Structure formats: C-alpha cells, structure tokens
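Letters A, B, C, D and E mark the chains in the order given here, with residues in each chain numbered from 1 onward.
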Amino acid sequence: MTQLVWLVPVLPLVGFLINGLFRKSLPKSLVGIIGSGTVLISFILSVVIFGDVRHEGFQPTVVDLWDFISVDKLHISLAFQVDQLSALFLLIITGVGFLIHLYSTSYMHEEEGPHYARFFSYLNLFVFSMLVLVLGANFLILFIGWEGVGLCSYLLIGYWFKNLDYGYAARKAFIMNRIGDVGFLIAIFMMIAKFGSVDFAEVFGKAGSVSTGVITAITLLLFVGATGKSAQIPLYTWLPDAMAGPTPVSALIHAATMVTAGIYMIARSHVLYDLAPVTMNVVAVIGAATAFLAATIALKQNDIKKVLAYSTVSQLGYMFLGLGVGAYDGAVFHVMTHAFFKALLFLGAGSVIHAMGGEQDMRKMGGLKKWMPATHITFLIACLAISGIPPFSGFFSKDEILAAAYGKNPIYYVVGVFTAFLTAFYMFRLYATTFLGGFRGTHEQEHHLHESPAAITIPLWVLAILAAVAGFLGIPAVFAPNAHWLGAYLSPVLGENAHGIELEKGTEGMLMVVSVVLAVIGVVAAWARFAKKPELGEPTGFGKFLANKWYVDELYNAVVVRPLDLLAQFLTFFDKHIIDGIVNGVGRLVQYGSRQLRLLQSGLVGGYVLLMVIGILVLFLVELFTKH
Amino acid sequence: MVAVLLVLIPLVTGLAGFFFKSEGLAKGWALLSSLATLVVVLIGLGMARDSAALHFDCAWLPELGSRFSVALDGLSLILTLLTAIVFPLIFISTWRDKYSKPWNFYALMLLSQAGLLGVFVATDALLFYFFWELALIPVYFLASQWGGERRIQATFKFFVYTFVGSLLMLIGIIWIYSHTPDHSFSIKSFYAMHNKISGKDQTWIFWLMFLAFAIKMPIWPLHTWQPDAYEQAPTAVTMVLSAVMVKMGVFGLIRWLAPVVPVGFWAWGDTVSTCCIIGMIYASLVAIKQDDLKRLVAYSSIAHMGLMALAVFATDANGMQGVMIQMFNHGINILGMWIVVDLIERQFGTRKISELGGLASKAPGLAILLMIVALANIALPLTNGFVGEFLLFSGVFSSAATHYNVVFTCVALLSVILAAVYTLNMIGKVFFGNTNALTSRGVDIKFNEKVVLAAIVVIIVFVGVYPKPVLELTKETADFLLTSMNYKP
Amino acid sequence: MGITQVLFWFLSIMAILAAILVVISKNPVHSVLWLIVVFVAISGHYILLDAQFLAIVNLIVYAGAIMVLFLFVFMLMNLNAETEPQKNRWLKIAGVVTGGALLLVLVAALKKADLKAQIAEMNKGDIGLIHNLGVTLFHDYVVPFEISSVLFLSAMVGVVVIGRNEREQKDMWPHGNNYGA
Amino acid sequence: MNSILLSAIWGIVMMFSGIFTKSKTAIRNTAVLGLALLVIVNYADMAGYHVEIDTHKMLFFDTFGLLGNAIAFVSTLLLVLLSGRDMEKIGNNLAEYFALIFFVLCGVAIVTTFNTLLMLFLGIEIISIPLYILTGSDKRNLKSNEAALKYFLMGSFSTGLMLLGIAFLYGASTTGTFFIDDIWNQRPQVAPVFMAGLLLLLVSMAFKVSAAPFHFWTPDVYDGAPTVFTSFMATIVKVSIFVGFIRLFDEAFGSAQQTWQIFVALIAAATLFVGNITAVFQQSVKRMLAYSSIAQAGFMLLALLALNGIAKEGIILYAAAYSLATIGIFAILIRMKDYTFEGFNGLARKQPVLAATCTIFLLSLAGIPLTGGFFAKYYMLTSVIASGHYLWLVVFAVLCAAVSVYYYFRVIQAMYFKDGEGTTEREPSSGFKGLLVVLAALVILLGVFPQALLSQLSHFIYTW
Amino acid sequence: MPINYYIFLAVALFCVGVAGVLTRRNAIIIFMCIELMLNAVNLLLVAFSKMHHHALGASVPTAGIDGQLFVFFIMVVAAAEVSVGLAVIVMMYRNTHSIDVNFLNRLKH
C-alpha cells in the first residue's frame, strides 16, 4: 500500500483540476462532492498507510516516481517517503482537511458557482501541496510543497479578490513567505554544495562529516525558511493579516497545517539540528519570544479571527520552543493537538461569523451561547484545550514542551508558562465576550442569529472530540511510564531522545501543577472580567501599544518597506535620467559634435586652406617628433 | 538537412511572403511556414544526436575560410525549439491584431525567424554574424513601422545600440579568425584557439565580444534600450525580442565566447557577475515602480537575463544546464506575459496599470492563465521557471570560478523576493479589486488566445514537473562547455 | 664670392621680395607685375642652372602669355585696389603665421638633409639645351606628351562649355533647381 | 592601354557628336556605346589582348589597376544608363559633358596604371580639369559656380603640394627618378627630404580622396555640383584615385610602411570622425551623401594603412560595393523633388520600388551584412587586424560606422516610417526601376556571394 | 651653390605663395599665388635636375634631364589650368560681379 502513497496527493490534485477546469459547468453540489470526496479518499488511504506504518519495525519507504532534476552529479528524484512522521502528518492533513472541506460546502454556499468551484479547487490544491510537503523524500520536494502551500495561501487569502485589502494581505503573506523561502533555498544550495545531494537519507547520513559551522549555517537557513512559513519573529506579521481569507482557509491553512510546516521540517531534519546547538538555542529563543509577543498582542485584539491568529502565532512559538529544546516529539504532538483545537476554534469562529452575517468584531457579539449551543460547547472545549486545562489535549502537549524547556533552561520555562497564562486569559476573554453576556449587535443581526447547519456542526463535533481526547496519545511519564504512545511511534524517525532533557518525575509534576494553576487563574480572571461586563474599552497606554501589535508593522514599514520604496523610486529616476541619460547623451553628444564640427565647414576657401595647411603642419610636426 | 531546412523555410517563405497581398493569405502563409518549421525541429528532436541530418556543411566563401556550416546540438535544438514554438504561438495569439500592409509584417517576421534560427544553428563564425544581423534588421523594420508613438527613436536606439555591439563582436571574430592557423571561421578552429591566445589578448577579445552579447541580453548598465524598445514595438515584435532575441546574447556567450577565451572569462567573471547582480536587483526594484505593463515585463526580463549571465560566469555544471533550460523557459514564460499584455492592451487600449483593475471578475480565464504564467515567471515550484532558477542559483552557489559565490547567491536571491513583489503587485492592481469605468467593458479571452495560453501553460507545467528530457538534451553541450571553459593557463 | 654666387643671391632676393610684393600689393595689376618679376628672377635661376630652354619657355609662356591673360582678365573686370574688400585681420594674421610656420617646419624637416656636397653651378651641363630635351621628350616621354594633349583637349572643351552663351536654353529647368536645397 | 586610348578617342568622338547631331538620345546612345566598348576593351586588356605601345615603363598595366578601371567603367556605364537623361537638364552641352566624362575616364585609366609620378600628375590633372568644368556646368546656378571655383582653387593648391612632394622625392633619389618602383631603391641617405616628399604626396592624395583635414572642398563641391556629376565624382573618380593612392604607396613606399603608417592612421581616424559626425547634422540628403563619401573614404584608408593582400582585394571590393550603392542612391536622389530628408518622407508609399532599392543601397553603405557594403567593410577591418597594429583604429572605425547608421537610417526612416508627400519629380520609367532593381540585386549578390568577384580578385592579386 | 640654398629658396617662395592663398580674397590673386607655388616647385626641380646631373653627368650624359622635362609638363598643365581657371572665374564674375572668394559662402556647413 505504501507504494501507492502517491495517490494520496494526486487525488486532491485531480480534484483541483476537475473543479478548476470545469468550474463554470459543474453544479455546486458536485463541486463540493468532488472537493471533499477526493480528500476523503486520501484520508482513507492515509489511514491504510498509517495502518502499515504503525507496525513495529516498519522501515521508511521511499517511493521513487521519476527523476526530477538530474544534472551532472546532482540527482534529485520526485520521490515520496513514507515513515512514521509523514504518515502522522498525512492523517492530520487529510483528516482535518476533509473536515474543513466538509465545513466549507456549507460555509461557502453563498458563493456563485464558478467561485465556489474555484474555492474548492484552491483548497484541493492546498491539500495537494501540503501532502507533497510532508511526503517529499528530499529537501527539494519538500520545498516544492513548501512553496506550493505558500501559493495556495496567497490564492485563498485573496480569494475575495474584489477587495483590494485582501489582495494586499495575500501579497504580504506570499512575500514574507518568499523571504523565508530564500533562506530555505540557500540551505538547499549549501547542501548540494556540501553533500552533493538533497535526499534526506543522504544528507542526514553525511551530516556528521562536515564542520559544525556548515551545519549551523544550513540549519539556521532552514530555520529562516521556517520563520516565514510558520510565522515566527521576524516574519510573523503576515499571519494575522491572512485572516482576510475565508474562515475555513484560516482553519486549514493558517492554523492546522501549513503554518506547522516549519515544525515538520525541523523535526524532519532533527539530525542536522542535533549537530547544531547554536541553532537550537536560536530556535528556542525565537520560539519563546514569538510565543510571548503574540500572546501579549492577542490580549488586546477585538477581531475574533485576529485573536485566534495571534494565538496561532503564539502556539507556533511554543512548538519552536519545543524544537529548540530538543523536544521534537513534543513539538509534533503539539502540532497535532493544536491542529485539532485551533481548527476547531477557527471553525467555531467561522460558525459565529456566519451567524453574525460576516461580523468579526467581538464588541458586537455576546451571549451567543443562547442561539448556538453546538458551536458554544465545541468552542468551549477548544478553549479549554488551548488553555492547557487537563485533561484536554492542549494540556498534554504543552506541558511536554514546558517540561523540556525547563530542562534546558528555566527561563524558557518561565516565558512559556507565563505565555500559557496569557493564553488562557485571552482565550477566555474571547470566549466570554462572544458567548457570554448579552448580545451587543444590531437587531437585524440578532434576528438573523441561528445555529449553523449540520455540515458545519459535524466537523465541529468531530474536532471537539479530538481536541478533547487527543492528549491521551502522549501521556507523560509522570502519570504512566511508557504510556507516551506518540513518542514511541515517532521514535524511529525522531530518535530515541526526542523528548528533550528528561526531568525528574517530581519536578515535572511540580511544573505541571504550576502551569495548570496559572492557566486556571487565567481562565477565571478572564471569566470574571469579561463575562459580566464584556464591553471592551478603547485600549490606552501599554494596552494601546499591544493593541497596535507593538507597532511592528509600522517598524517594518519604516525600516524595510519605505526605504526600499524610496530606493526603487530613486533607481527609476536613476535609470531614466542617468543611465538612459548617458546613452541618450552619447547620441546628443554626437549631434552636438556635429553642430560644432560643421562650423569648420565655413564655406570660405581661405578657411579651408588654412585648416589644410594646419593639417600639414601637424603631420610634419608628428614626423619631426617621432623617431624611426 | 534538418538544420539547413530550419533556416531555409522561414527565409524562403518570408521572401515569398512579401508578395501575398492579402491579409488572410499572408497570415495563413506565415502560420503555415512557422508550423512547418516547428515540425522540422520536432523531427530534429526525434533524431539521434549524432545523426548526419543534423549537420550541413558546404562551401560558401572559400577564400575567406568561411563555410556555410550549420549543425544542431543540444543547445541549438532547445533554442530552435523555442523559436519554432514561439513563432506560431505569436501568429495565433495576435491573429486579431490589425496591421497596415500585413503581408510585409508577416514576411519580416518570418525573416527575423530565419535569422534567429540561423544564429542558433550556425557553426561558422561569419555565418553566425550574418544571421545575428539578419535577425536584427527585420525586427528594426517591424518595430519602426508598426510600433507605438515614439517608435522611431526607441527602435533606432535599440538598433544602434545592438549594432555597435555586434560590430565590436565582429572585430573580435575577425581577430580570432586572423590568428587561427588555418584562417578559418569554423567553430572548431575557434575552439582550438582557447589555449593559443595570450591572456592580454583574451581580455581584449572577451570585452569586444562580450559587449555585443551583454547589450543583447541586456546586462546592466547596457540595458536602457530594452524597456523603450519593448514598450514601443508592436507586441508581436516585442514577443520575438524578449522571448527569443535576448537569448541570442546568452547563446553567443556560451557558444562563441566562453570556450574560446576561457582565460578572459575567468579573469573578468567577477566584474561581470557584479554587474549582473546589480542589474538583477536594480531591474527588479525599477520594475516595482513601473506603471506600464510592457516596461514592467521588460525590467523583469532584465533581471532574469542577468541571472542567466551570472550563472554562465559561474562555470558550474548545474548552472550551465540551468542556463540552457532557463533560456527555453524564460522564452515561453515571457511570451505568455506578453500575450496577456497584448490582450489587455487590445481590449482596453491602455497598458497603464493604474488605469486598470478588477479584471479578474471580467476575464477570469485571462486572470488564471496570467497567474500561471506569472508564477512561472517568479519561479514557483512545479513550473518550468523553478527548475531553471533552482539550477541557476545552485550553480552560482557552487561556483568555483569566483570567491564570492555565496555573496553573489545571497544578493541575487533578493531578486527572487523582489520578483514576487512586482509580479504580485501587478496582478493585484490589474486583476483584483473592483472594475472601473474602463475595465467594466472587459470580456474574457477568445478561443485562439485561450489555445495559445493553454499551450504555454502546458509547456510550463510539463517542463516544471518533468524537466528531464530538456535537461538531457543539453547535457552533452554543458559537459563540453565546462571542459573547455575550465582551461587554465 | 664668384659671379654665380652674386647672381644667385641677387636673383633669390629679387624673387622672394617680388613674391612678397605679389602677395601684399593692394592693386591686383601690381601683383601681376610683381609676379612677372618673380618669373624673370626664376628664369635667371634657370639659366644659372643650365636650363636654358626652360628659362626661355618660362619667360614666354608664363611671364608672357599667362600673365598677359591675367592682366587681360583684370582689365576686363575693371578691378582695382578698392574693390577688394579687406579680409578679417585675424584671418590674415593666421594666414601669415601659418604660412610662416609651414616654412619653418619644412626648413626644420629639410635642414637635416645632407645634400650640401652637391653643387649647382653654371656651364657644367648641356641637358637644358633644346636638342637634348627634345630628344628625350619625343623618345622616352612621348606617351605623357601625347597624353597631355588629352589635358588640353579637355581644357579646351571645358572653356567652351563654360564660356558658351546659354541664353537660348532659358526654360530648361521648369521646376527651378534643386541643388543644395 | 586600350582603355586610355579608347577613352581619349571617344572623348573626341563625343565632342564632335554634338556638331553632327542635335538628338540628345543619339548623343547619349553614343556615350553608352563608348562606355560599353570601354568595358569590353578593358576586359580584353585583362585577358591579355591589348594594343602594344611602348610606354617606356611610364604605365604598367597590372590587374589591380585594370580591375579598378573595370569598376570605374562599369559604374560609369550604370550611371549613364540610370541618370543619363538627367544630364540634359543641366545645360545644352550634353555632348561636351560626355566628352569631359570620357576624358576623366582617360585620366582614371592613367591614375590606376601609372608607373611614374609624372603620369600620376598628368592623370590627376586630366581627371581634375574636366571635373572643375563639370562642377560648374550649371552655369546660372550660383552654387554650381561657387563649387567650381572652390574646387578649382583648392584643387590647384593641392596640385602645388603634390608637385612639391614630387620634387622632393626626385631630389631625394640618388639618380633622380620619377619611377615609383625605383624611388624606394634610390632613397638612401636623404631621409628628411624623402619623408617631406612622401608626406606632401600623402597630403595631396588625401585631398583628392577627400580625407580629413583635407576634405573641406568635398561637401561644398558635391553639394554645388549638378547631382549627376556629384554622383560621378563621389564614386568613380574617388575610388579610382584610391586605387592610384594604394598603388603609389604600395609600389613606392611599401617597404617604408612603418614610417608613414601613423600618418595614415591619423588621417583615417580624422576622416572617419569628421565625415561621420558632421553628416549627422545635415538636412540635405545630397550634402549628407557628401559627408558620407568622406566617411567611406576614411574606411578605405584602412586599406592603405594595412596595405596587404587583403587590403588590396578589399579596396577593389569596397570600390565596387560603394560605387554601386552610391550611384543607386544618387540616381534616386536626382529624381526627387526635394533633396532634404523631409523630401523623402513617405516615399515608400508612393514609390515602393525606389524606396526598397534605396534602402538596400543605404544598408550597404552602412555596412549591414547581406549587402556588398558589409564585405567591403569586413575586408578593411580584416586587413588592419591581420596586419596586427592599430587595433584602436579598428574599434574607432567601427564606432564611427555605428554613427553612420544614424544618418543612413534617417533616410530609411523618412521613407518608411514617416508620413509625408515625398515624391519624385515625375513618374520614373519602368526601365529606370528595373535598372535600380538590378543594381540592388548586384549589391545583395556582392553581400551574399562575393565569391564571384573575390575569387577573381585573389586570383589576380596573388598572382600579380 | 649648395643645393640646400635652392631648396630653401624654393620652399620660401612656395610658402609665400601659400601665405598669399591664405591671406588674399581676390580669386585671381589667389590663383596667381598658386602659380607662384608651381614656379617654386619648378625651380626646385630644375635645381635637383642640375644636382643629379652634376653627380652623375659624367657617367650618364642625360642624368637629370627628367627633372627639366617634368618642369616642362608642369608648365603645360599650368597653362591649361590657367585657361580653365580664368574661365571659371570669369563665369563667376558674370554671375556675381565679384571675384571675392569670401563672397562665395552659400555652400557651407
């Protein structure tokens, strides 16, 4: 079955082609069926593959499709690699992907036929790219998927192309991704130069044979790629803007899958990272800083999706922190749980927005639990999960990372746990302002409020269940030794010590208690603050600073965008007036010379003869002063 | 025979074309001729590489040591293929364009095709020079006759600029020729000179000939003819110029210069590379600020060609094959870009980005096809552009010809980001947003245009996904080049 | 200093002075007369150099026929000193300076010539006699001699073309002329 | 010798033809017949059939010179065929004009085959004196008068220079000789005098071929002269004097090449510069062509500079290509209503054949490949490169050639790309058009298969 | 006399002629100056002729005669030139009533 793994990405691709090419003629229902159906089949296939893979002693299989680039000594084939890590990701992607497709059939129903089909074709294309990303057996295929998801993200963010702002957001996403991609590319070039190959097996095999400096450079560059894709400092600003896309997109791409590509990639190349402690520290620091920064910003956002977006950034920071401290499986674990609860959160938010008729401002919501029970319950589960309240999944994955962070450096832990507290706070701020209290919107909106249809709620429920229970896949050793199924499952890929530094059980327990207590405090504080009096005032002072996202966008504008723009303007001027001016100047010089030179042709014989004689004089002088 | 047919078909049909004094007839004739050429190229592709039919040689100017000898190797094949694909596509896509005296237009187009094909197949330096100019002259007339408002000045600048270059090249060719022991223009004799020319002379020759190629490509700062010429030429001609003609520069570089004066090449590689890189960044930045679609594409082309030149000077196997495949890819992609520009201009009578907007809702087909072409242009994976640029950058990075390979790569890669900026900017401003008074009249593309763009997309995706056939085609040439370029005194 | 030297110097100074006077005379008729003086002086030199035939021819053809022709033209045109407008003074100075410079440069170029040993003196040869010249002319130089007749023919035809009255063909050029438009 | 005799005789025939017939057609036909005969007898000479006259080594008929003659005669024939009718408009001395042309051709035949400085002098004079007349033949036109007088004064002045040079050379030779093949052998100890003579000869010849800075007469004279005769002067006369120029320097001073190369290089550079740059400014096509002829002379001087086998081959090819193209352009120009660039505006629409052929001629002059002009320039460049020195001059020449594109293409631009009323004075006959097409075909033939001429050339020149 | 004297004399006369051409505006005077130049050359040729005869006359009786014959031809040519030149000048005069060469500047640039 693993040999047929190529079917998994190809099916969504087929869906993309069908929906894309016949978008004008296909009825909407068929579009939905094709769109979701292909992903569903892929999911089934993934499950089958997963079935193969999870057996003990499964050897990673590389499925070679064809020579992609074969030049001189460089051979890169279009090959897929099936192993525990990729199989897991297959499941997450196709599973969550399918749910979100299903959700979209209802959510996007108001779109016109061709646009509806376009949406599904984009989604399918995204799933395809993402699958290529995780299946790729070498860095180049990974990179193909890597850029592919970036493209789909661009397309989907700008899906409502009539709104120029969305277009800008899409562009921003793509360009920031590209900046990261350039780093990735350089890393690939470096591999080619140093290892002569980009195959995982070969690169990892030869990793020990080159200097640490090279490995550090490669890993750092790869990490640059990851910061772009996974929205880390300094390239994170695109993600909140990406919320311009339809909500299912945010759920699928900007929460569940694409943004975790960076984590996948680093986990995948952990062999290299293990050899580069400097990079590990950088990853951890950036991760922790991002987690903290995004969390603080999330505190003051009023747009429901923006809060979720910053929360995503923050959670991604966690994952990088996990990677940085060597807890690869923790990071992957968090990827998985995060996929569930964050997708759920987004879909729930989508459901809310849907009900509110497109309104995303939390200040206009409130008391929705009355109208939307299913959404409310599932949303609450997700909030609990993300806040790290046991026994929801977030608790397990987050604490695994925090524990590893403590083992590496307590400061990481402090930042992490404080961020966890902030997370709990802002999530429940969100929850409380949205679902509790009284409705603050217009009457028309109130009249409109309703629970979403089944196609929306079913995915919510499924995800809610997953978000609730997925944590038990990785029960920490504190509770039961060797019960960490995920760790065991991934160990063939991630290595035996993928948990980071093991702590003593007592310490680990202590840490857990601290984080849970903090989370609970956060929940309670937010509940207390916003449930009764949910009006969100204009932020002032530091709050304003946070509400304005630390003015990072403004900073980037001032430091990068403006100067570049000015430079471009200057160069345009330079091109037109200096370089072209010189070129035209040569022409004009010739004409000027012509005008001047013609004056010699005075029409006077005397003048002509005079010049002739002077010519003779010159010749004779040359003759006199040259030696033979 | 194949090689000589390639030149003869467009030449003869082109000359005959002047006498078809009817628009339909002239168009049909041109299309037929270009399709015939395409068939011939495809036959050539199907032949074994060492097949005798790919070579042709007969006496031409025995006293001068010049023979009419043409041959098709991998590099020639890929470029003739490009030329042969581009011309029918141009004819089909501009089928609805109206020209005064269309027979002259089409005849000149065919003549320029003859010149281009001749450049790519010639294995005699003098013949090469002949075709080099033959390709230029019809284009000059085409652009001056049927171009935009400032066509005369712009085209003339273009002509004189390239003419200066080619004359300097002629000096270089003659110099080498007069120093060959057998007084021959044959490419073999030229190649045999690579270790016989002193370092100082190699510098001379290098610059004389390089200038011609640099102007043609063009490499910064010799590029200013290009935006003007592209802007002013009728789009069909712009397509020829940018899709095929600029490749002549790169082609000349790797066929006629690199293996002949390797020492000069090595000695000046860093200088030229620096220019290329400046040009890449510079052109990309300037492209961001362009309001005219044609100028935008023109500057983007400068950036792309700069990269190819950079990779040539990197003298690395990956880079060299990248150059060859990218020449093909860039030709196809930019052709697609021009077709879109042409469609827009024909429909709305303007190329100003600021006057357009919201086209995606009126012409979704156009928007999608442009999107794919544009993505190929910014080298997104699974498009042909990616394969090329990946190899190019990889070649530059691994280059042993310079100490600054890492710096070069990193700086040059900035252009990849900038390319995304200006391309997406353009897409955003032209296609996204709401329609305005002008663009609300827009309609989607017609059948013929769809066919052409679809064909281009197919090529883009095919090469992007399965570049192997193309890469294998040029393998031998690249190997040979590297061996001969690696000569060190 | 023998008679030859005396004559040489005398004739030389006379020639140069007369030549200068040709150039600086305001009245063109005076110029013509001074030029005749130059020719006479040069003829004297010819005799000193044993070129008797040339000396005579020079006097007859140049001083006689050609100069008379010049005079004739002057008379015909009724030109006198006042009719010649003065040239720009700077141009004049430039002309003189340039002429002088040319002389200097030529002298400088030639003064290194090591020809001093060769002497030109009187009564030391008879090649200048009409007999010797004639023999050579009609033997070795018969081709150029004949060919110079073409020169005369063309000069003759030319003068006819130039001099002929063209009044009868007034309207040959209905569209006006284009030359140098 | 054949052609010298025949041209002289036919000149006299033409002179008298005006007495015997008033029919202009008859006169013209007589001239055409004479020219055709000239071509034939010259070819006969090349083939070895010639009148035996003992010239006492004054003339030497080698193939280089005879080829030069052939080009001159064929060009004149073409000129007369194309523009013969236009001569009638100048004045009613048609017979005399033809007579003068034949005398000039006689001079040409002498200048291309001279072997002594005396013959060179006579030849140059025989060329010059009729030209003074022809220049001034449009008697009521002040410009024509002016041109004639300027030409005459400056031409005489340069004759003076030439004679001084000859005198120096005579003095410098040990035994006193005018034979050009003897001069070098007898050069010995008197280098300064010799060099002075050489330089003065160089200057006077440079004057005749209008090389800078001795070119000043050219634009004025070419501009003022009746256009037919401008065409004649700019092509036939100029290139045959060039043949003589090469001949003189090759035979007489060939061995001393290094000593004078620098002067030729300077003159060539100046000529290229002045010719090309000044032509850019011109508003009249006729005057532009005058400067263009200066520029082309600059290129031809490269042959003099190199003075090797390639150069000699090249100068013949150059002469042919340049003459054909220039005669063609002048033939069209004569028919134009307006001689300015604007006068050509839109010509392509009204006279497509004229415009197309004119374009080919202009491309040839600009040295674009596939025309004869390319190979002409190619040979010039090759000859210098092969000689190994003065590479800077080659680069300079090439840059100047690029400038030349500016003014040549201005005409093309006017004809094709600009709208206007540019038209001919009257509808040209189909015979005229046919001849132009033949001429253009010849130009192209020279550019694609110069083989025909080239193989002849190398055969002649290397077996010389 | 040493030949150099003759050379310098001739050159001096020649240069006076040149200076005359440069400084005068009267076409006929200019022409006369040119004649002066020609005569300077003639003088030089005759001097050289004598020189050669002096050097070689003993062995070759006709040595140096070429120079004198050349002078003869120069005179011939000069005569022809004068006739043509004066004709041109007269034609000019008939049209403009001037023989001032500076008046002749319709053709320039």
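Assume contacts are C-beta pairs under 8 Å (C-beta built on N, C-alpha and C of every residue); 3 or more make two chains touch, one makes a residue touch a chain.
Source: prediction; values computed, not measured.
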Name the chain whose C-alpha centroid is farthest from the C-alpha centroid of subunit B. C
Quick one: point me to the chain whose Cα centre is farthest from that of subunit E. A
Most contacts: which chain pair? C-E
Subunit B and subunit D, separation of their C-alpha mean positions in angstrom: 42
Whole-angstrom distance, CA centroid of subunit A to CA centroid of subunit C, is 100
Distance from the mean Cα position of subunit E to that of subunit D, given in whole angstrom: 26
Just the number, please: Cα centre separation of subunit C and subunit E in whole Å. 4
By the touch definition above, subunit D meets two or more other chains at residues 118, 122, 125, 129, 132-133, 136, 139-140, 143, 149-150, 153, 157, 171, 191, 193, 195-196, 219-220, 223-224, 281, 406
Multi-chain contacts in subunit C: which residues touch at least two other chains? 87, 91, 94-95, 98-99, 102, 106, 109-111, 113, 115, 141, 144, 148, 151, 154-155, 158-159, 162, 180
Multi-chain touching residues of subunit B, meaning two or more other chains, are 160
Touching pairs of chains in this structure are A-B, A-C, A-D, A-E, B-D, C-D, C-E, D-E
Of subunit D, residues touching subunit C in the complex: 4, 8, 11-12, 15, 53, 55-56, 58-59, 88-89, 91-93, 96-97, 99-100, 103-104, 106-107, 110, 118-119, 122, 125-126, 129-130, 132-133, 136-141, 143-144, 171-172, 189-193, 195-196, 223-227, 284, 286-287, 336-340, 425
Which residues of subunit C touch subunit E in the complex? 4-5, 8, 12, 15-16, 19-20, 22-23, 28, 31-32, 35, 38-39, 42, 45-46, 49-51, 53-54, 57-58, 61-62, 65-66, 69-70, 73-74, 76-77, 79, 84-87, 91-92, 94-96, 98-100, 102-103, 106-107, 110-111, 113, 115-116, 118-121, 124-125, 127-128, 132-133, 136-137, 141, 144, 148, 151-152, 154-156, 158-159, 162-163, 180
Quick one: in the complex, what on subunit A touches subunit E? 598-599, 601-606, 609-610, 613
For subunit C, which residues are in contact with subunit D within the complex? 106, 109-115, 139-144, 147-148, 150-151, 153-155, 157-162, 164, 166, 168-169, 172-173, 175, 177-181
If you look only at subunit A, which of its residues touch subunit B in the complex? 20, 66-74, 78, 114, 140, 143-144, 146-148, 151, 154, 158, 161-164, 166-168, 170-171, 174-175, 178-179, 181-182, 185-186, 188-190, 192-193, 564-565, 567-569, 571-572, 575, 579-580, 583-584, 587
